[in-house]
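Before anything else, here's the structure in question.
Chain IDs A, B, C and D follow the sequence of writing; residue 1 opens each chain.
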């Protein structure tokens, strides 16, 4: 297992446009999540809300390595993946408002974003519930000879679920084109990883199934992109499933009602010093790939997109109760 | 048949049609339809009974005129060929 | 001026207690700063502020429980206008439900048996059930219906039994009639029918017949109704569940008054196919057996329509109640002599007032009126009856 | 018409599906080299190859979930879960994914998946191999559940299920595989309607799956006593088709439901409730149920026979309703 954690101090070989694209995508997620928290406290967003603040580099870095034809399976913390994959911010906000203009027509809410056109096969609220689905999507591709990747995001909590074991074994056995992306943010809700995993090295686990794996600093968007690209290209070449463990951290509580007592303030503050966005801005400025004016303009475009998204969600309409029972079943083709 | 025999026959036919009637209470000079619950079916059955027992046919047109037992007895008495010959035959 | 409101923290939180303020009026705050600590059912949570500016005024004292969305503090924002927080309209109290009518005394009877009892006009209260715990079953109702017309030939029932049967019948009629009035939206129509043709034809016919073969006027009326009904299958029907089911045959129920009160309306089967002579014979037989309490169960439950007549000693018109589950009933008043314009000439003619009551769930007044007109036309050609 | 068995009828359905549609493939434990735990897929591996007849590791959640994913991506998978007892390991994929993805995504996805599994007791395999849990599946909107009880339905329902764009779960009672019968390949078979298997005017026997043949035998015994029982095979457990049942009860005024599930929370309970709600006025006797005793299925034969619905219990219950 090679450790490819590119330290944040190495000189940066990055084109200016791509750098700005990565930064803008991370800012889009950060501001979107901040606004979601505000709207939740105002009662506009209800139910559960799991914020991606602190993990932006993972979704943004990984998504650069996937084509529109690849498939995505995510978890209930799916706002970052959905935005980075290109789902319209307005449709995501509307979905959290429960409006029919939402990406799942208001039926799923924050934990269940779906978009068939972007092959975004959803957020899953059952820990590791999405892994077998990803296995099936890849099985179909391999049986029909299609050279594409199914990227499956999951957290450190899923690693000890039975479905992780069953799916990795089946994928390795049948050489299924699945890219397993483990967002290891060190906590499964309130249980720290070392209190749940007998061996906390996720990458090592994958090796035991014959699935090549790599761990990478999930706070370094460039390192994430490089590591995920290596794995994605191998999968696309038909070398079977690969796993990347992205070591990251969430700056907010598990969800809005979580008093976050299971970790210390110091630990959180310490991790905040490695905020993936601030780190990246610093590196771009030292490499003169970004100046304050450009950053200001990026923030304004992100803010404008966000205001539009909220207005779109506010303007959306509720699904009529008469439609309650539609789409429980699909009608057979005439 | 004497007038009394005709009267007795008429009352007997009436009782067949209206079993709840008490012959002793029946007034012969007052319309029997006012005294008994006799509808058009009962009246027809009564006329048929008299046809079968007294061999006299009362035309429908005469119904209104023959409302009491007395009137009926007079009517039948006139029609029967000879009141007594019947008794002898 | 921006409001800092009690935030909704978690799916099932509707209110929270302000534990402590972390800022004082006059402090400047930036978006994301911790402004207060709030107690929820699950835990105490530090709460961030979403607007930046200077705290103007604290509206709520620590230790007070307030619903989510309640303004807790006012913040003079640097520049941006505060977002209006929509106040949730209090839900109107539900209207008080009308007091339910007291439940009828509980009679142990199976639903199917109750249904049959209504159809046969048998009062369940008069029946003792053979089922467990005395529950009344279909076979008990069928037996009772047959009993209501005991099979003893001709011999009138003993007075006590008659009394009993009389009371049972009265109750059965009461139940059927009140149910009819309750459930069936009646529409009533009437017309005066000129019986000159019919009366003249009948007088000539009877004059030519032997006394025992004489026909009654009622027979002509029944046959006219039966023939007219052929063009009105929707009125020749039985109401079952939520809709009328057309009868395959035309069975006219003929209302027969019984000695000492009470009424039954047994059916003459296939009335429209009978000749006048056959109809007269069936009619006389029915009257005799009804008055001798020896009707058959099928005759009781098969009529698809009922005809009732006041007879020649009653009033001029009757507006009858439909016999459930039928959907129509025809009534004839007394035949009377009336001034009548006949081709411009004023004549004295025998006329009768004919009425029909229609179940408005099945057909409307126009239909009923057309039906009466059809009966009138039939009676103008007595020789065709 | 060809004389065959229930097992061969299912195999015929599998072979026709694999031959006519290359999107179709069979996946499950020991369906390939071993030929299927109940020998249903015997010979199919040799005929269609390992890509389309796939033996799986023992990972019910993974391969049922893989079936859902493959269906999402355009395949027409037939997943064989050896028995309903092991299907419990895959219930999360069934209830939280197969049944919900279409609705929760606002109608964006179809999941044309067929899952077959053996069910029921009566073979002395004790509690962990004798469950009848069809009611658990029939409880879940978003999937369909069917119970082929005849040779014709064994083949026909499989082919109809493959035509359906929704997940369809097929429960094959384990005692039915050797059942002999006539197979009419031309007959149209649906997965919507119940069927009247025997006409009768005195009582309505409602059942499905393995219990059908006990009910038909009970009906013959009752006929000898002059009681004509109408036997209705539900065939489809969701969506339930009660029209045939209600029409029958409207004539017979009596209903007895025979269901191998445990009485409490059984499918029979649901059918009884619907008869009461929609056919109340037809009832001359309370609806009766003949279900499994509320015990884990015992191993010894005399106890297992006492626990499961039997012809004797069916007949006795019908007699009781004639009150």
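For this structure, a couple of remarks:
In this text, a residue touches a chain if its C-beta (ideal position, glycine included) is under 8 Å from a C-beta of that chain, and two chains touch if they have at least 3 such contacts.
Just so you know, these numbers come straight off a predicted model, no measurement behind them.
Path length between subunit B and subunit C in the chain contact graph, taken as the least number of steps between touching chains: 1. The two chains most heavily joined by C-beta contacts are A-D. Comparing per-chain C-alpha centres with the mean over every protein C-alpha atom, the closest match is chain D.
The chain with its Cα centroid farthest from the Cα centroid of subunit B is A. Note on chain placement: the centre of subunit A and the centre of subunit B lie 111 Å apart, centres being C-alpha means. Averaging C-alpha coordinates per chain places the centre of subunit C 42 Å away from that of subunit D.
We define each chain's centre as the mean of its Cα atoms; on that basis subunit A and subunit D are separated by 41 Å.
Subunit A and subunit C, compared by their mean Cα positions, are separated by 63 Å.
A complete list of chain pairs in contact reads A-C, A-D, B-C, C-D. Considering their complex, residues 71, 100, 102, 104-108, 112, 114-116, 121-122, 124-126, 129, 131-141, 143-144, 162-163, 165-167, 169-170, 173-174, 326-333 of subunit A touch subunit D. The touching residues of subunit D, when paired with subunit A in their complex, are 25, 51, 54, 56-57, 59, 61-75, 77, 92-93, 96-97, 101-110, 141-142, 144, 163-166.
Contacts from subunit C toward subunit A in the complex involve residues 5, 7-11, 13, 31-32, 40, 42-45, 47-48, 50, 68-69, 83, 85. Within the complex formed with subunit D, the subunit C residues making contact are 110-115, 130-132, 137-138, 241. Interface residues of subunit B, counted against subunit C in their complex, comprise 18-20, 33, 37, 39-41, 44-45, 47-48, 51-52, 57-61.
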